[in-house]
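Reviewing the structure listed below.
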């Protein structure tokens, strides 16, 4: 193998650039050539591909987003799209591929591997909703971004004795809510993985107020319901001077944290090692602080598990 | 005069604590006693008042919000409320007052002065919408908080070639939008002070795209319309992959910037000097980098002017 | 057991307050009373002890440092000091203790346990140099603080084509240097755990320059040598426009990251559980993402191991 | 005039990129062509010059440093150097120039103007030490960076009851120390513009300790003496558990604040307007919130004045 390609797919996440850098530098270090593919699978099919050297990825480790751009491209689920992509791989002499993105992008990686072009997936998403990895690239940054916002909102909540409902991302997973909620000292964390009783939430707020507590922070995962809806439901149990904040896309950007950069670097480097061993169809993960790989096929049958113990912990210490 | 009081009123703003500290320390330095009044005029009327010393305001200069809490209390517009407040001032021997808040809180300060209790107002609001001051306490911090969010959103906007509409605070004033928009390199800034033509906005986005521009950022002042509404209107002129973010209350919190802390310190110290000269009914401001004061009465006839030259500047350099 | 005490000892670290909060809230949740002990073992001996309730630890989760203050108190290594401490424990009716600090503070915890007062240690230090835990409370925050500085220095290094030697903390351990170095894209990381050859460092810089690289960043662990000394040695192999920065105590402060707050909360809660089971003489750690405990005695024979694989990784991708 | 050039010179400062962007975009907006000159006057003489378009300066407004690189080049003080530079200007058809840098770089701008190539200077330096401007580009960012460090150090200082001497940049000027000192609540600010008495400093620390104050922060301008030296001198008056931090080059980097970006944008745009009016030999400044210009010659006779009133303010409120 002489030449590999790299692309980012799906929603962008902080640390993707660090991963691109690691793949590129490691590959060049090992004597390979590296081609960047812009706009994910769409760019692969369109041939938006260019040669990179070690300087191409200089000064990007600290940048949010992905300098290879990203795009959703459902057409790659069809064989027709895949064959067009392979045509471009042949044209540019690319023999193997690293794909950074959510699990949606792993399907494409698996298909390419089946066609004889080894592809390795890296978990790049803030949502932390990918099986067989404790953490995804971007999650730690996103949680810290949310946390900064919670800290800011606490100032205002305290000054005015208010209840704030803060809606955070995560798609179907409650991970961002859980981690930022515990770290932010939220009185309630509402996640898809756990049923909740609005009356209990209201009682908890009331109990806190009676003890003299100055504010209530509720962190709500977007996978449960909209914050406006939640506030309205809560209002049926009393007037808690509730305000709503939907953090939105700020959660997806920003300079990656140390952990995201280090993990992205480890994963990117390991992906190159696996490709050099002639392996493909694998998804990289981190489990128990070790970088690991699993068959992509196994991921499709598996389910991500949130760290639910944090939920119970929060009930014991945030009140 | 031996004893002064201090309260914060209206929406909280970063730097209020720095102002409280400056008033307290300066007054003690000048041999006065200082009493803190919790929850603004509501706390004044309720007698929620306590003696402060120099240590009470230690380690608060860097904190967002207001450790004296704030509240809206429309009842203070009535003489009945004012007389109840005066009763408390008498009870605690407070002869004069510093009031930190928006111009709503200046009415109360004026009434107290008329009743013989000199009161000085400090402009504490992120909105920068107070006349006779170039800047209000909290504005600089808020603009920088918005800017951080714009920078984060740019990462995602670039990665995905999207248009983002970012709704920022400011009530009727466009100042936060103007400053953060210019600093964030926004392609369009929409403020109440300037009519806009949605078709022109759409054309500008299209022109940028045609030149290869990867993203469009639109900063929208809340005083114009809701971001959702704006996005819908914009959508009538084409599909720009528009996403909406409403920054919300994060804009009101956070550790104050250097400038807000310094300005709050200057203003707080000056307020004490004026009180010691037997003056009241004044609003402190900063004009041309000098701390000044004006009759509160004059403010009621006046209007805040945004730095509209920034609007034209942005048109010349952001495209 | 009805009443526990808590103290922080040794150098302060971000997240100590989150740990104090978790211990306090968890204990109260379980029906215990909690007493705070100021200034570590010195305050224990002096009887600087006060009752805390749930509100005492409100609004501290986001604060750096330790609101219980810390102090080094070598006298507690002697039995005389310990007996004086026990006298105070008896006086205040404190039956068990949580001690947050570096491994120096674990000796005291062990001695108290031997005297019949169960004590549990939590690893609070930025240095990450404690055995039987993958991470210490404060490490993640410190690494991110260093990283911010590296990112800032890179701006200047790039603009001026300079070499920067950045000295970071860590005492005898290279962990802060390793993590911040990889995350910061440092061309060289110099740690006590690995021999280095100054000539090779110089050659690497020269090779980078020849390829057009605009800057060189070297992260140096304080355990190796002083940055000035390093720069002087490096200068013997060529003029690399070297500048030196010693980051100093900024590395010890600041609002803790999400991870430090979550981990501190988990550990604090677990410490209370162990005390309630009548256990003492244990050190809490986190291994493979699980909160664990070990006999303090075992720690004295053990050695902390840095994640040396990061060192090799960096050689492969930073050049 | 059809074509202008732009360069950055001297020490880099946050906001230089925002200024480059404004000059470039404004000039293109006005129908001019813009050439970037790398490495300041050195690059001018060497012909390291390239054409820029509006996209060249895209996505740089938020970046620290200068993407045109900077260099010190004393040879440009000699006519020989100037003539070589003019040769290049002729070769590239550049008729006028914008120079961003400290006052050292203004000499070159004046000489070029005298030779018939209009040049306008923009004040780009963190030190705020340029006459006829209230603020320089980079100053606000630098002060806020210092402030963040002070806030971090306060955590540790409080936890351990220590005295910290924090040495900050500013060359001969005390501005960074003054602003960050007031904003950071420093008990003492030591600047070149004001004599100080070490015994008084010691007495102030002692008085604070006697009142129960937990920490002392001293901000020292580098123009006075080295922090180590200061600490040693202070030590002659008592043991204050003094620690020293020299913030170093972190003060020069980082993403610029809103104010620096806005001011840089205003100045850059105005410089182009002046060049289009056929003017040269001018230095841009900001006075009383208005962007202004002065003859460079006048600057050479003038002196920068620090806002000394902040010094007295601090004595009244920080103790």
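Per-chain numbering from 1; labels A, B, C and D assigned in written order.
The working rule: a contact is a pair of C-beta atoms (placed from the backbone, for glycine too) under 8 Å apart; a residue touches a chain by one contact, two chains touch by 3 or more.
Labels paired with UniProt names: A, B, C, D = ATP-dependent 6-phosphofructokinase.
Given the structure is predicted, the values throughout are model-derived calculations rather than measurements.
Visitor: What chains, if any, are shared contacts of chain A and chain B?
Guide: Common contact partners of chain A and chain B, which must touch each of the two, are absent.
Visitor: With chain centres defined as mean CA positions, report which chain is farthest from chain A.
Guide: D
Visitor: Please compute the C-alpha centroid of chain A, do the same for chain D, then give the distance between them in whole Å.
Guide: Centres of chain A and chain D (C-alpha means) sit 39 Å apart.
Visitor: At what distance in angstrom does the C-alpha mean of chain C lie from that of chain A?
Guide: A distance of 28 Å separates the two centres.
Visitor: Can you give the whole-Å distance between the Cα centres of chain C and chain D?
Guide: Spacing between the chain centres: roughly 35 Å.
Visitor: At least two other chains touched by the same residue of chain C: list those residues.
Guide: 151, 154, 158, 214
Visitor: Which pairs of chains touch one another in this structure?
Guide: The complete list of chain pairs in contact reads A-B, A-C, B-D, C-D.
Visitor: Spell out the residues on chain B that touch chain A in their complex, using ranges where they run on.
Guide: 8, 11-12, 14, 63-66, 69-71, 145, 149, 151-156, 158-161, 164, 214, 243-250, 252-254
Visitor: Within the complex, which stretch of chain A touches chain C?
Guide: My answer: residues 18, 21-22, 25-26, 29, 54-55, 58-59, 61-62, 134, 140, 143-144, 147, 151, 154, 158, 179-180, 182-185, 211-214, 255, 257-259, 261-262, 265-266, 268-269, 288-289, 309-310, 313, 316-319.
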